[in-house]
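For reference, the structure I am asking about is given below.
Chain IDs A, B and C follow the sequence of writing; residue 1 opens each chain.
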Amino acid sequence: MIIGSYRVERSTRASRAGFAAMLAVIVALISVPAWAGRAEMRLLIEVSYYLALAQAWNLLAGYAGLVSVGQQAFVGLGCYGFIIATAFLQIPPLVAIPLTVVAVGLIAIPTAFLAFRLRGAHFAIGTWVLAEVLRLIFTLVQAFGAGTGMSLPIHVVLDISENRVIRELILYYVSVAIGIATVLLVFLWLRSREGLALTAIRDSEAASGSVGINQQRTKLTVYLIAALIAGLVGALVVLEKLRITPDAAFSVTDWSANVIFIVIIGGIGSVEGPIVGTLVFFVLRSLLADYGAWYLITLGAIAIIVMLKAPRGVWGLIGSRYDVHLFPVQRRVRLNLD
Amino acid sequence: MNLLQTEDLVASYGDFQALFGVSLAIEQGETVAIIGANGAGKSTLLRTICGLLRSRHPTDVRFDGKPIGSLEPEQIIALGIAMVPEGRRPFPSLNVEDNLRMGAYCGRIGPWTLERIYTLFPNLAERRLAMSPTLSGGQQQMLAIGRALMANPKLLLCDELSLGLAPIVIRDIYAAMPGIRDEGTTILIVEQDIQRALRAANRVYCMQKGRVTLQGRPSALSRDQIKLAYFGV
Amino acid sequence: MYWINTIIQGALVGGLYALFATGLSLMFGVMRIINLAHGDFIVLSAYLAVVVINCIGVNPLVALAVVVPLMFGVGYLLQRGLLNFTMGSDILPPLLVTFGLSVVIQNVLLELFSADSRRLQLPWLETASVRIGDQLAIGLMPTSVFVVAVIVIGGIEFMLYRTDLGRAFRATSDDPDTARLYGVNNRNIYALATAIALAVVSIAGVLFGIRTIFDPTIGPARLLYAFEVVIIGGLGSLWGTLAGGIILGVAQAIGAAFDPSWDTLAGHVVFLVVLLFRPRGLFPKTFDP
């Protein structure tokens, strides 16, 4: 056998098909308000922010090896940041969203300084403690209603638009755009130089160090990106729910457990996994909606089984069987055999 | 009957095959040395005998006539094969005495006790409460041998005893071998130092690229034969 | 006098916190895994005691005789049937499997026992106290809990440093492959470590249930306390853990003395301060491989 030449390629037929499918999904999502009801739109808003949180956590745990159980810290800060900006500082809501994200990023830096003193499994609980500290602090602030929380003042809502339909349209499009943008951002970032470094750390921490990758800096970048995404989601959550309590804003079940289960079930360490996981999560939730605690019991049990039997999740099973990558991060070497 | 017998033994690390049909037989009471260059498969052979690597068929390794090729390390030591691992591997958070006691964990009764080990290696007695990483290389090697002896093995496997040690220390360690043999323990030594191996053993196997290339009594082997078997040139 | 009383009460709770931490520390020490369901096992033990008390009508201390062996068995089976399959160089599987367990246990308890708060009743011990001076009274129950905690920690320390089993734990923690060479069956050793850890947890859980009210959701907070105690005390030292427990207990008591809603937060803050200035804990083992 003589190897004539080879070519390096990134996109595959599946990825081109995937790109086409994604475009179709985006078009469909844009058209949703034209034919769907309020309930469907609210569901898709929720799907969008869980998708964003899942991508963020996947970046943390699946690529940077930072298993965090404390992302609720930044969702909660996003919630309260948005309320402070709009209700107390009278900043217009659509300006307040980016400002909140910046503020969350600034607070995330000192928390990183503390959390990064703990390694591996200890990091996981460390981040959880930090989130608890923030929750407890907000239960003490009387101005925000302490433990009982507060509602978003009506003028803030009216500020977006006096018209309820237009308001819901704006919130819908902003949320869906953020969901899609997060997926694209993570995908493009993983293809960048820094992203490649991250994949190298995932595959071998020791080897990546020896080829001159500054792991601490890369990990810190990931930690901050994940915090910013969570902060953004937090601001959206307030706009959607219109009311906030410390327990809901810093909920470990909503913002960590659900998100972790989504990523594990969908498939950790790939861009596609969290997308698949989010879909599975919402299907399961609608199926088990009437069974109370059994819903979380089932979700937890499925996550345990997936972790043990199929550690690359549902997407890993699909990907290994059919060799499909909708979001080709890696390059492939193809030999031209003559 | 042979104490240890391997027959056409094959072993691999994943895709990399390290042993290509090694057959050897060791009788009760012998001291046998396996010599060979780096990568000849000597350590792989010991790792397969003590169970850290699996052989292809259970009967490829027999001890006391029983097939042991499919047993786990913790089952094999209970039968009486103890290993002095390459790199000595003391348990770093245990002191000298606790390291030695770990050797007796399998519960085999026999001539070797803490006192006997301390008589054999007085250096260890002086440092019995020291943490193992604070020992010198030679003391760590003595500790590793003592720990294996505490299991009162019928067969003692010694992997690269002289690696990284000063000649004078190596001499001290080999000086302990007759005392061990006198208790009836059969010894299988893997050694890169040919002279040292020839002097210590009744019988020598030479390995090259995963195969046995020469065997015999040290006195019966010529220098050229060994050179050919060792280097393959 | 008020402050002395506060500090003594805090220190006595600290014994219980140290007991929470001992199980966590044992599992981490032997296997390098953090059991995120640790706090939920504490709560589970308290509920098991509730069931035992309801079924055979004994007092909580007698219930221990059933709950402790039961949790020992649960720990053994949990490790052999589940956690042993997560062991390896990757930290993710044990963390996520135990996190999943935490959510499952919490919600199963919610289904079975509802969200109502409970308490294990032990009337005569609850009220008894020794009066020292006018304003200082030391409760018999907090003191007994502290004494039991010290005895259990001492027992674990003895087991680790004076028995064959403890030596095997330490050797396996150092180098599992070499330990196997000397006859240690790692899977069994890991299972025994988890079994002992959960037996300790069950003692802690029942004592906790006698001291305070509990409901199915309070597990994670106990996990955080246990973790903070381990880090404050320094890894690998059980007497350091006891000291860590006392420090956390006193910090919470002083916080609560200023304002009852500050207790948990004050504990967390002390933990963060220790993490900031002494990341290896206040009493690290001088020798740490």
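Operating definition for what follows: a contact is a pair of C-beta atoms (placed from the backbone, for glycine too) under 8 Å apart; a residue touches a chain by one contact, two chains touch by 3 or more.
Because the structure is a prediction, the values reported are computed rather than measured.
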Subject >> Furthest chain, CA centroid comparison against subunit C >> reply: B
Subject >> Chain occupying the middle, per Cα centroid >> reply: C
Subject >> For subunit B paired with subunit C, centre-to-centre distance based on mean C-alpha positions, whole Å >> reply: 44
**OP:** Averaged over CA atoms, how far is the centre of subunit A from the centre of subunit B? Could you give it in whole Å?
**Re:** 54
Subject >> Chain centre separation (subunit A, subunit C; CA means) in Å >> reply: 33
Original post:
So in the complex, which bits of subunit C are touching subunit A?
Top reply: 28, 32-34, 36, 82, 85-86, 91-97, 99-104, 106-108, 110-111, 220-221, 223-224, 227-228, 231, 261-262, 264-265, 268-269, 271-272, 275-276, 279
Subject >> subunit C residues within the subunit B interface of the complex >> reply: 164, 167-168, 170-171, 173-175, 177-185, 287, 289
Subject >> Residues of subunit B that touch subunit C when the two form their complex >> reply: 50-52, 72-74, 77-78, 82-83, 85, 89, 91-94, 98, 101-103, 105-107, 131, 133, 147, 151
Original post:
Inside the complex, what are the residues of subunit A that reach subunit C?
Top reply: 61, 65, 67, 69, 114, 117-118, 120-122, 124-126, 128-130, 132-133, 136-137, 139-140, 252-253, 257, 260-261, 264, 268, 292-294, 296-297, 299-301, 303-304, 307-308, 311
